[in-house]
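One chain, chain A, appears in both complexes that follow, with chain B as partner in the first and chain C in the second.
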Partner chain A sequence: MSAIFKREFISYFTSPVGYAVLAAFTFFSGIFMWVYCMYPGTSNMSGVFQSMFFIVLFVIPLITMRLFAEDKKQKTDQALLTAPVGIPSIVTAKYLSALAMTGLCLSAFIIEGITLSFMSHPDWSVIIGNVFGMALLGSSFIAIGLFISSLTESVIVAGIVSFAVNVLISLLDTVASTIPADFIKDMFSSLSFQSRYSHFALGLFSLSDVLYFVTLTFFFLFLTDRVIERRRWA
Partner chain B sequence: MSEQEKNINEEKNPSASNMTRRNKRRIISIASICLVLAAVILVNVIASVLTDRYAVFTTDITSDNSFGLSEESVKIAQGVKKDVTITFLTDKVNYEAYDTYCKQATNIADQLKKYSDGKISVEYKDLLKNPNIENEYKSETLSVTDVLVTCGEKYNLLKVEDMFNFELYGDYQYISSSKAESAFDTAIVKVTSDTETKIGIITDNTEDSYSTLESTLAANNYTLVPFSIENEQIPDDVATVICYAPTKDYSKDATDKLRKFLKNDDKYDRGLIFIAYRFEIECPNITDLLYDYGMKLEDGLAFETQTTSMMTTGDAYRNIAANFSSTKPYMSNYTDKDFPVLVSMSRAVTLVNESTTEPLLMFSSESGICPYSATDDWVWQDYITGNVIVMAQGAAGGDNGISRLIFSGSTEMWNSLLTQAEFTNKKYILNILNDINHREDTGVYLSEKVITKYDLSSVDSQTKVVTSVIIYAVLPVLILGVGVCVFIVRRRK
Partner chain C sequence: MIKVKNLSKSYVKNKALDDVSFSLSEGEILGFLGPNGAGKSTTMNIITGYISSDSGTVEIDGIDILEDPSAAKKKIGYLPEQPPLYNDMTVQKYLEFMFKLKKVKLPMKEHIDKICETVKISSVQERIIKNLSKGYRQRVGLAQALLGDPPVLILDEPTVGLDPEQIIEIRKLIRDLGKKHTVILSSHVLSEVQAVCDKIVIINNGKISAEGMTSDMTHTGSSTQRLELIVEGRRQNIISILTKVDGVTDVTDQGECEKGCYEFAVDSSRDVRRLIFRAIAKTDYSILSMKPVEVSLEDTYLSIISGKAEEVKNNVSDI
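For the complex of A and B:
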């Protein structure tokens, strides 16, 4: 499993994807830091985290799109499937490599927090909590991306569909506001990534939000496992 | 079919056997997916129910508990015995989209609900989609930003200005802090309270407005009953009378009525609040009444020279009276005992009988009294007496009870300055009235919550620009540069 993890993680930096993703993430978080912290003169990074939600929405499909689709296209998946390692291990290794890449992106917030510490006293508990929240959000996006990547051999299709699904789930609360039926409205709102994540951005940790992201991640990883398993026996 | 027969069949028809195995695997796979999905849904439903019902499953990680409830609010929520509904007059998504402070307000409402053991419920009803709400509250001008707190027939309408403090940045008005928690608490206390206390207010010779005082008291289940002390009797059902900035002296009969009111057939237990007019008036009868309660009205306005006690540097007459009496009456629920009251254009008073009187609010040791007779060339240094008293109380009574005559030199302190969120005028005044009227179920005044503190405003803009450029330009370029280098090295290999 560690060999697959290493291979996948290193592959981000042997192709332009890793650098492009890191640079884009740093660029946008820096821009938002200027807009929400430096310019108005506050060390409260909530605005940065809320805005970065949409960047994560774009960036994660770039990280996940090639995880299985590329293997399938290059036919290297055969080697992977016949390797003496269980499918859950393969899925987990790929998931962890993408999560590590996301973690690397999130380190930009720590750099920004340290920078703000030189000027004021930012609320570190909120920054750390937000990084954790964004890691959970990223984790769910990765699991969805991984699942979609396992369904296709086109990297582009995997990326676009992942992005579309992420957008759809994220904006469910906006859709919900147009629905007259309260039950459906509440259900849609509670499924929305954005409404779940906004609590973290404010500095609120709730059991249901954490479990939502964790269980969603688990569910999509499980689905990915099933898809690969099916392919192994096909 | 026996195992042996099965094996023979599989040998005869291997593709059929594969199909069976594949179908089995498919069924197992689908069943396991359904099982996992059901487990995921179940876990989330349980977590949502628990989080929705119990506050313990949500943690506010902000350092100053910006989204959490204070102990006072928790007590109020836990003490609610009737069904209370907090209704936001728009959708949750729309309301929260206005500002982070609105999210904080919805979160506070949710937490009040969680602590109330099902007594408080939170609803979102879009005013535009439910026009019947407007018909229900015809006397009110409702807006989508309003919040209704209802309990049976009683309600309290919270407007945005009740929930938040605003500041101007150029032409743009933004929320600078939130008082939503206090507003919810006060509204809940008001709608659930069965007590409605009346306070008499003398209207004779009163020019100054007391509309803010009236609305503040109304929000706390107090009703002001205006009456003429010259032509009417003091209403029977009031235990407190306010003499609000009379511009002329009362008649002897009127002050005798007030004396009799305070004596209350030797039962005492009454309160008279005398708020002085800021300009000089001839008032021998009022002066005598105050003297009876150990106070002498000074012929001048209190001024301050200590800049730290001035509201605005250079304005000697608009000051922070943080110098409370040593016994600190009416401050039992203050968490910060030095939290200031703002007093403006105040007449001064001195104590003539220290055994029955006590100062309530004083200016600093560098304050003085500017006499009404002062001319433009007066030397203020000559008039500094220190610790000028701007609010005091005298007491009379016996074993049955004590009546209090409270003198306040500032009209603004009791009206326009009640809206100054950074000062505790409102809380202090309510404490006085609650104490006289033996009320405990009125307004809650917690410190305002500030989510966004502008703590980088002192950092020079050049530093901020350079730092930002390093983060959003230099760092990404460096990362891309490393990427290009790796790419070139790999190509050469």
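For the complex of A and C:
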């Protein structure tokens, strides 16, 4: 498992993908940092985290699109599936490599926090809480992206579909607000990533939000495992 | 070493494998022959655990691939039709990755170096796989299969894309490997199978059409024996004499080769050389040449593939 994790993680940096993702992430977090903290002169990073939601949503499919689709296309899945490694280990290794890449992106916030601490006294508990929340959000997006990547041979299709699905799930509450039935509205808005995530961005830590993202991650990783297992029987 | 029993596999529309069984003991090299789409790769993919069969069992050294996949897979080195190479890695890094993936318990550096020497890729060890030629890619694929010295090697068309010199090298390598390993290799190059393998399985439309030792297949693979004959004399008379010889099934006139001499191809169900000699000697005609034509694997193969399967199969199973 560690061999696959290492290979996948390193491969982000043997292609331009890893650098592009890191660049996009730091670039936008820098801009939001300027707009929400530096310019108005506050150490409250809530606005930054709130706005970064859409950047994460856009960046994660870039991180996950390759993971299974490319293997299938290059037939390297034959090497993985005929090695003495179980499918759950393969899925977990790939998931962790994408999570590590996301973690690397999130470290930008720590650097920004340190920058702020030279000028004022940022609330570190809020920053750490937010980074944690964003990692959870990222983790769910990764699991979804991994699942979609396992369904296709085309990296581009995996990327675009993951992006579309992410947008859809995130905007469920916006969609829900147009539905007249109350219980559907409640259900949709409690499933929406954005409303769940915005609790973190506001500095609210709730166990149900954490459980929501963790469950979703496990659910999609499980589905990925099933898809690959099923392909052996097709 | 390898026991394959009653494998069947269907894809959405067609039956890819239908009740395929064969077995192989340690140190044997089995050649898998068949036209494109016959089911060679499917069988290999099932043996290596890449895909699952609908029914039937595969045992590697007594371990069922479905019951204990990890233990079974550890015993197999697999080179698929398209080598599973990561294009963005160097050969060295790729082999290190595969070494760890296969959980090999040997000293890594020496083991990889040794294998690179065996398949002659030491000179490209530091190059990125993307930039390698087809021949080198094939060899890196082979190196990957050899990692960990697995007792069973499964090679799907190992010489495809290589130049003639490399083909000879790889064949020699496979023969050497066959001394210590049990090897299954597939090919549609007949001479290759004939040169390398101890045992042959011919598969067509997902079914085994013939199975036997290479030597049996090449010498008596067909039920008929053929003689090429040049006789001096009157054409029609010779034909009628020849057809009357006991055992002769068919006489084909192949035309006049020299003035007054005619060439015939005589098919028979058994050895009729002496009978023909005596029959001709009774007349005043003379035999100028009589040559038994050895049935090659190619003839066996073609007759099987073109539908004379039953006839040959019966014959081979008699052996």
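Keep in mind that, in the parts below, the second predicted complex is superposed on the first by the 232 of 234 C-alpha atoms of A that agree within 3 Å, B and C clash if a C-alpha of one lies under 4 Å from a C-alpha of the other, contacts with A are read in each partner's own complex, and residues count from 1 in each chain.
To be clear about the criterion, a contact is a pair of C-beta atoms (placed from the backbone, for glycine too) under 8 Å apart; a residue touches a chain by one contact, two chains touch by 3 or more.
This is a predicted model, so every value here is computed, not measured.
Peer 1: Please indicate which partner A:A3 is in contact with in the superposed arrangement: first for chain B, second for chain C, both, or neither.
Peer 2: Second partner only, chain C.
Peer 1: After lining up the shared chain so the two structures overlap, which partner does A:S150 touch, if you call chain B first and chain C second: first, second, both or neither?
Peer 2: Neither: A:S150 stays clear of chain B and chain C.
Peer 1: Compare chain B and chain C by how many residues of chain A each one touches, and report the one with more.
Peer 2: B
Peer 1: When the two structures are overlaid on chain A, which partner does A:S162 contact: first (chain B), second (chain C), both, or neither?
Peer 2: In the superposition, A:S162 contacts neither chain B nor chain C.
Peer 1: Of the partners chain B and chain C, which touch A:T174 in the superposed model: first, second, both, neither?
Peer 2: Only chain B is touched by A:T174; chain C is not.
Peer 1: When the two structures are overlaid on chain A, which partner does A:T82 contact: first (chain B), second (chain C), both, or neither?
Peer 2: Once the two structures are laid over each other on A, A:T82 reaches chain C alone.
Peer 1: Return first, second, both or neither, reflecting whether A:T14 touches chain B, chain C, both chains, or no partner chain.
Peer 2: Both partners, chain B and chain C.
Peer 1: A:T115 in the overlay: touching chain B, chain C, both, or neither? Say first, second, both or neither.
Peer 2: first
Peer 1: Show me the chain A residues, by the header's touch rule, that chain B contacts in one structure and chain C contacts in the other.
Peer 2: 14, 233
Peer 1: Tell me, which parts of chain A touch chain B in their complex?
Peer 2: It comes out as residues 13-14, 16, 18-20, 22-24, 26-31, 33-34, 37-44, 46, 108, 111-112, 115-116, 119-121, 123, 125-126, 129, 173-174, 176-177, 180, 189-190, 195, 198, 202-209, 211-212, 215-216, 218-219, 222-223, 226, 229-230, 233.
Peer 1: Any idea which chain B residues touch chain A in the complex?
Peer 2: Residues of chain B touching chain A: 22, 25-26, 29, 32-33, 36-37, 40, 43-44, 47-48, 50-52, 57-63, 66-67, 91-94, 96, 100, 103-104, 107, 129, 451-457, 459, 463-465, 467-468, 471-473, 475-477, 479-480, 482-483, 486-487, 490.
Peer 1: In the complex formed with chain C, which residues of chain A make contact?
Peer 2: By the definition above, chain A touches chain C via 2-4, 6-7, 11, 14-15, 74-86, 232-234.
Peer 1: Under the stated contact criterion, what part of chain C meets chain A in this complex?
Peer 2: 11, 45, 48-52, 69-71, 73-74, 76, 78, 80, 82, 84-89, 97-98, 100-103, 144
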